[in-house]
Every structure is written in C-alpha cells, then in structure tokens.
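Below are two complexes that have chain A in common, paired first with chain B and then with chain C.
On to the complex of A and B.
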C-alpha cells in the first residue's frame, strides 16, 4: 500500500515537472513567433458602440517592449493624434490643442478610444515567459485546430491580469484564444485570434477580437493591414519632439 | 364658570405656572423643530433639484439605467426639437439642457507639456442665452470666489480648491482630456475666467463649469445633451403635477424595445430624494406625535403632583357636596385653558426662533466639508402656515390627556372616609 502511494506521488511529480517544462517550451516558441527586436505595424481598429461602429487606422513603430510610437491616420477627428511610450511612461499629442499630455496612474487602465483595450494593454508588450509561470492543462480543438491549453500565473508584481488561460496552436505556436483573469478569479477580458499568416518566416494572427467582459457591446476588432519585423527605425521617432512633427 | 376657572388659574400660580412653563417649552420646541426640519429637508431637496435632478429630468432609457457612469454615448439627440416640444406641451415649466462629463484636467508648462493634472467632474449649462435661468438656479454668483462668469466660447469656471492646489491664475489655459459621444479621445483648451466653491465635496472636487455649446463642441455632441431638466416656474416641487407631466410625457414617448427613447423621471425618483420629501412633508406630524407622547407623560406626572397638592381641595369640594364628575370636568376645563395659554406663549417663542433662522440660517459648511452628499452649507428654517397652529394640537391635547389621566384619582375617593382623611 505504502509502496503504491510513494510510486503514485513520484509519478505525479515527474509528470507535473514534465508538464511545466513542456509549457515553458511552448511559451518560448510562442514568444519567438510573437516577439521581435522591432516592428512596424499598420492596423485598423473597429469599435462597436451601442449607437454606431467606427474604424480607426494607425501606424505603430515599436522596439522590444520599451519603446513604441503610434500615429493615428484616420478618421479626421483622430488624424494626427500620436502616442509615445517610453518604458512605463505614455504621452499623447493632440494636434487640435497642440498639447502633449502624459497619461499615468489609474488612467492607464482606461479604455483607449472607447475600445475594449486599455492603455496598459497596448503598452504592456513584455514576453509572457518573463512575467508568467506556465502550466500545461490539456489539449483542445478550436476552429478545427489542435491547441495546447496553458494556464499562466503571474510571477511578478503589479500585472493588470493575475492569470491567463491561453490556447496555443500546436503546429504554428500562435495563440488562438486567450482569457484574462483578475486575482479574484473573475474573467476580465477574452480575445480570439484568427487569420494566422506567415510574415517574414513567423506565424502571426492578423485578426483579433477583444472583448472586455465587464462592458456591454460586441467587442473591438483589430486587423493588421501591414506588418514588418526587424526594420531600421530611426531613433528620433521615440522622442517627444517627434510627437509634434 | 369659565370666568371663575380663569380667575382661579391666574390667582393660584401654584396651580398653573409649572404646567404653563412645561407646555410653553414643549410647544416652542415643537414649532421650532418643525420649521427647522422642514427647512433643512426642503433646502436639501432644492439644492439637489437645482444642481442635479431638476423637478423632473429627461434622459434616454439607456442613459437612465447607467446614470452613475455619465454615459454620454447614450445621450439625447435632436435636443432642439425636444426642447421646443417641451416648451409647447408644458409651459408651466422651465426646461434646461445640461451635459455632465468626466475626464482629466491637464495643466501645461511653458512647453505645452503636462505640469500637473487632476480628475475633472464637469457640468455644462446654458451660460450665454439671455433667457437662461441656470446661473441663478445654480447659485453661481454666490459660489464665485474669484473672477467672473463665462461670457464667450472657451471660457471656464473651475473649482477654487483645484485652482489653489495647482497654483493657477485667472486667464491660464487648461486642457480637458475626455471622451466624445462616439467614445473618441477629445482634447479641448479652456481659459479659466473664474473660480467657485459650492461647499459640497461632491461638486468641488475637480469641478469645471462650461457653456453647453462648448461641451457640445468638445464632446462631439452637436444638438445632443445628456439630460434635460424641468423646473416648475414657481420653483416649488409639486408632486401631483410632476407625476401628471411624467405620465403624459412617458406615454407620448413610449417606444417598445427602443433603449434610446426619452424617459422622464421625477425628482423623488432620483438620488434617494423620495425619502427626504416624505420626511419633509410629514415632519409636522412626526413632531406633533413625539410631542404628545413625551409631553403627555410629563404632564401626567405634573397632574399627579398637582392632584396630590390639591388633594385637600378636592376632598373639601366633595365634602361640600360637589359631584366627582363636576370636579373632574372643571379639572379638564382648567387644563384646556392652561394648555391654550401655554400653546400661545410656546407658539410665539417657536415662531420667533423659526423666523430668525429663516432669515439668517446657520452655516454648517465646516462640518459638511468631508461629506459626499449634495447638501446646502447654510441651513435655514421655513415657517409654513401650519407652524401657527401645530403647537396648539399637542399643547392642548397633552395637557388635557395628562390631567385626564391624573384626575381619575378623584373617582377613587370615598365620601365616607373624607372627614377622616381631612382630619376634621
């Protein structure tokens, strides 16, 4: 009896160790796909409100997770609005008032342009393996694709989402679905990823649907129009002076 | 007999002085507190009506359901048409469109970058129209600490506390960072032309007041408004009339499954004001009930003491052949006269105190600073016609009840033992 118990504990410990190792390997493969030295992305974001829907297009330059510069291209009201992120600071330039404003504190958790994304969501581009520990749960099928379901738990303080469930495509190693949870266990946001394309030898989902579970509405669609990795981005773009240009 | 009893009351001060003093004090307190509480509750309701709820308020159904979030994306559209309809259908009311909004107030440095910022709780009212009563209604002249009222587009009044905290000066430019009706980001520069303090933390924390037309431009709300408030022309809330107007309006605008249909709410259906109105309306009855309860017990005891003191008198009167019933009746008559005299004196004192507080009020602003409720800083009494007579009801009733209870002892006296008791 005792032998059986010891054997069972040993087997489960070995199994969970293998699972954790596998989960980490899976996440590293995902990070390899999704993260890059730098990138230039042209995208459109469609926001659905109770009365109407509107689409905003923008062009973003980013270097790792430390620097990002976004210029809104349309519609006319948003055209020329620019955002600069340097480490944990965010500035917004408004051409109509010719003002550069810093966004900080609780404002970072507010919605961007009424979308289902917060400024923090847009700013936080750290590698998941750096901030979460991963645990393999099971395999599942989503939209006829086989996925690994992983559960991620925060290993650093101050994250907007304490835990995540993430469904990873078993062949392409890109997320197909993600659920973001508060420490209390409440589901805060759900994202689905689709139209996975090969861009410069990486698989990347080019369509995302973000849904803030605490808000009514149909969610926010995010489409990547054009994406380039590892480009030569001039350093001056990531300065406050560039906001007014 | 009446003349005889009055003479007795006036000549025998031991019989009347203490009950008259007790009745006078009680009636004075009843009249005073009745006017005071009526005034306080009425002021609270008026402040909330003028600053926030109106006597009635019109919003879209969806806005009303999420009102705490100030959801301007669910605001009323085609406001000019709706206002014209309201003015025509309900001329007994004055109608005012308002926009509430939140966001950040950002103060620039010389380079136009953020020097400081704080949360904004904004309100847009009609400052510029000549027929607008909004400035008077919101008591803005008296709340103005420095500067002047907005006179042109881009002018703003801000909270004096915010102004001081960030070392601002009149004429400085600040930027409102908020969301438009379509949930886009919006940035709008305003010039500070004055500062104000309402004395209510709920309003003074980051308050910014701008003209309605500026808010419509800044928030992309052309011909739209979050709320339309209606006020009776005599500025007094009339529940029955308000209810009739609400029923008529809501029936006219009833659209099934349209969450953007206009909906009218009464003052009493907002901010928990219904309970205060009920309290205000019933304050006189509550005070009378409490007075009768407390004073009857006091006067019962006073009557018992008087009965003991007049034990010999009643004994002699019984021995002389006066009927118990007659003695009891004269006791009740006496109590009516004493109650009447005490009520007159008490009502005069209570009214004097009520009138004084109606004109001068008590400033409790310092005590209210940390409150989150929309409360007036100066509390005043209101002397209503009923204040002239409400004191007589408990004054007479409690005196008569007290004496009636204590006088029952007369019937327990046994005529056979009277001479023994009187030690004759």
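On to the complex of A and C.
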C-alpha cells in the first residue's frame, strides 16, 4: 500500500514537472514566434458598439516592447493622431488641438478610442514567460487545429489579469484563443486569433477579436493589413518631436 | 402726524391710480418674498440633508484625497491608527474607503464609485445596517436614483469589477440589500456602498480608510495626518449654487420692483405738477418748503406701506399653505447632481419679511423724495399762480 502511494506521488511529481517544463517550452516557442527585434504594422481596428461600428486604421513602428510609435490614418476625425510609447510612458498627440498629452498612472486604464482594449492592454507586451507561470492542462481542437491548452498564473505583482488560459497551435506555435480571468476566477476577456499567415518565415495570426465578456457587444476586431519584421527604423521616430511632424 | 393724515387723504382721493400702484408693488413684495423663501427653504433642506447623509459635522481627509479628482483615489488611503479606532468605537467618527469600479447591469458597463462603510455606524443616515451579512454574499446598498439608472431592485444581483491595490482585476456578484431614498447626490449618483471590511479585503487594503465622517462629539481640527474639513468648506459648492440662484432671481424681481417704483415716481411727478396751487397754499399758510417735501415723500412712501398690507392679506394664506404642502419640483431636477428634494418647503423667516419690507419702503421713499425735492426750489407766488416750473 505504502509502495503504491510512493509510486503514485513520484509519478505525479514527474508528470507535473514534465508538464511545467513542456508548458514553458511551448511558451518560449510562442514568444520566439511572436516577438521580433522590431516591426512595422499597418492594421485596422473595428470597434463594434450597440448602435454602430467604426473602423480605425493605423500604422505602428515598434522596437521590442520598449518603444512604439503609432499614427492613425483614418477616419478623418482620428487622422493624424499619434501615440508614442517609451518604456512605461505614453504620449498622445492630437492634431485638432496641436497638443501632446502624456497618458500616465490611472489614465492608462482607460479604453483606447472606445474599444475593448485599454492603453495598458496595448502597452503591456512583456513576454508571458517573464510574468506568468505556465501549466499544461490538455490538448484541444479549435477550428480543426490541434492546440495545447495552457493555464498561466501570475508570478509577479501588479498584473491586470491574475490568470489566463491560452490555446497554442501545436504545429505553428501561435495562440488561437486566449481567456483572461479575474482573481475570483471570473472570465473577463476573450481573444480569438485567426487567419494565421506566414510572414517572413514566422507564423502570425492576422485577425484578432477582443471581447469584454462582462458587457454585451461584438467586441473589437483587429486586422493586420501589412506586417514587416526586423526593418531599419530610424531612431528619430521614437522621439516626442516626431509626434508633431 | 399731519403729513400722514394728509397723505392718506390724498391717496384715497387719487382712487384707481393709488390702487394700481399698490397692486403692482404688492406683487413685487410677494414675488421677492416667495423667491427668497424658496431659495432659503431649499438651502435649509439641502444643508440639513447633506449633513445628515453625507458630511456629518465635518470630515477628516487623507492628505492626497481630492473628491473632485478620481485619479487621487488610488493613492488616498492610510492605515487606521489605534487612537482613531478608539474614536470609531466611541461613535465620534466613521471611516470610509473608496475605489473606482465598473458595474455591469444587463450587460452594460457603467463606471461607479465603490464605497466602504461600517455597518453599525450611526453618524450618517445611510441604512448601513443592511450591509451586515451572515454568509459570503457581499451585500450592497444604493440610492433610489442609482437603482433607477442601473434598473435594479432590492434583492437583485449586480456584477462589479474593480482592481486591487496592485492593479489586478477582480470581479464578483453583489446583492442589493437596500435601496434608500435620499436627495443627496453625493451618496446616491454613481455610488455603491458595501461594508468597509469587505471593501478592504477586496482591494487588499486591510484596516485602511480614505476619509472619516465626524459628528458633533468630535472636537474638530486635524487628527494625526488626517486633515479636518469643516461643514462650511464641504458645503461651499452648495452655497455657491444657492447664491447664483439667488442672484439670478434678483434680476427678475428687480425688474418688477423697478416697474412698481417707476409708477410711484411718475405718480409723484404728475401729482406735484397738478397740485402746484396746493403746494403754494401750504407755503403761504406758513409751512416751510421742506415740510411740504415731507408731505409728498410720506405720500409716496405710503404706497409701499399700503402695498405691504395688501401683500400680507393676499400672501399670508398662500405662503402658509406653501410652507405646509411644499412646492413640487419638476421631474428630472434630482438628476442635476445637486441636493434638491422632490418637494421644496419654502422658509419665510421674520428676517426675510422685515428685510423685504424695509428695502421696498426705503426704495419707495427715495423715488418719492426725488420729484418732491423740486418743491424746495419752488417760489410760493409762482406756485399759487400755478406757473409751470
């Protein structure tokens, strides 16, 4: 009886250790696939509200997770609005007032142009392996693709979401679905990733649907129109002076 | 005495002209008293309700707390010291903790302010006893206006989402255990009240508060690092609104009073013009010029006395009835974010009535004196001849 118990505990420990290791490896592969030295992305964001939908197109330049510069291209009302992120600081330039405003502290928690994303959501692009402990749960099929379901639990303080569930494509190592949870276990947000394309030898989902699960509505759709990795981006783009140009 | 007798006789003799003058002036009296009575009644009710429901006899604020800047709420809290705990036990102060949150009624997102209060407090009228819970369900109380906005009834559940002190999201369903009827937007509009202990646990701020409400037992002044705010300071916005309302009323009844005074002025000018022979006779009989000026001035100011009597006869039953039944406010006034009840009970104080009487009599006397003062320059011989000056 004792032998059986010891054997069972040992097997369970070995299995959980392998699972954790596998989960970490999977996440590292995802990070490797999704991260790059720098990137230039042209995208559209469609915000669905109760009464109508509106689409905002933008072009972003980013270097790692420290620097990002975004210019809104349409609609006319948003055209020329620019955002600059340098480490943990964010500035917004509005052409209608010709003023640059720093978004800081609690203002980072506000919604970006009425979407289901906050400035903080947009800015927080730390590697998941740095801030969450990953645990392999099971394999599942999503849209006829095999996925690993991982559960991530916060390992550092101050994260907006205490835990996440993430479904990773077993072949292409890109997320296909993600769920963000509150500390109480309440599901807060769900993101679906689709139209995975190969861009410069990387698999990357080009369509994302963000949905705040606590409120009604169809969520916010994010489409990548064009994406380039590891380009020569001039350093002046990431300066406050570039906002007014 | 002679001047008063003559004035009364002349006023009665003038007939319809006198009645028209005193009618217009009595309407001015009534409107001045009515408007100020409404404002005073509203002021009294708003001050009493705000103190009873929201501010007590003052508040002790955290040094970073600014109720007008929601971004300060995150950092405006400190631990409750042992000395302060003693004051809480003695029911001299009650702590309040607050944080921004979102409510999701029927799948809509609405920004709210989550406020924590001790269930057994007796300092403000909030029915906080309804926050006591014997199980794990978090109970909440909300105002009637908030219940209307959220479309919630007593006993229904509401999903709320907030962030703890580290910024991590959390969400839970709470139960509305009581809906209170209160005219103070500071405790109703956009506010959800839960027990202090629950809120402290939810945002990981054990034994902390953002501010304290004090009652008359508290001696006043700053306490440790908490800054004392007097009722005058806390009611400053309300006072400004009331003064602005009073100011806008002055324009309205000022115009009416101006019309009435203009009528008295015109009557006086006409009277002096038509009664030059009479003026000459008075002077010829030995009256000094200033005695004659006095007769005409008293005559003019008698309009305001008679108007006051007429206003008292007409207005007393009306104002008495209004002060008992109150005046219904139009629908939607309680959405204006100011403390205003559905019915306002006007306050017609002796001070208000006397000050209005003095003001109008003084104004009528001045406008009566201005044309009458020309008599002082009149030559009695010319006056007797009836020559136009």
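Everything that follows uses one rule, which is that the second predicted complex is superposed on the first by the 245 of 245 C-alpha atoms of A that agree within 3 Å, B and C clash if a C-alpha of one lies under 4 Å from a C-alpha of the other, contacts with A are read in each partner's own complex, and residues count from 1 in each chain.
Keep in mind that, in the parts below, contacts are C-beta pairs under 8 Å (C-beta built on N, C-alpha and C of every residue); 3 or more make two chains touch, one makes a residue touch a chain.
If you're wondering where the values come from, they're calculated on a predicted model, not measured in any experiment.
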| item | value |
| --- | --- |
| Chain B versus chain C as contact partner of A:155, first or second or both or neither | neither |
| Partner chain in contact with A:96 - chain B first, chain C second, else both or neither | first |
| Touching partner for A:47 - first (chain B), second (chain C), both, neither | first |
| Touched partner set for A:32, first chain B, second chain C, both or neither | neither |
| Overlap of chain C and chain B interfaces on chain A (superposed complexes) | 107 |
| Complex contact set, residues of chain B against chain A | 62, 73-74, 104, 106, 108, 111-114, 117, 175, 177, 179-180, 182-185, 187-189, 220, 259-260 |
| Chain C to chain A touching residues, read off their complex | 70-71, 74, 100, 102, 104, 106-109, 159, 161, 163-164, 166-172 |
| Residue ranges of chain A in contact with chain C within the complex | 105-107, 109, 154, 157-162, 182-184, 186, 188, 212, 214-217 |
| Residues of chain A defined as touching chain B within the complex | 47, 49-52, 54, 77-78, 81, 91-92, 94, 96-102, 107, 111-115, 240 |
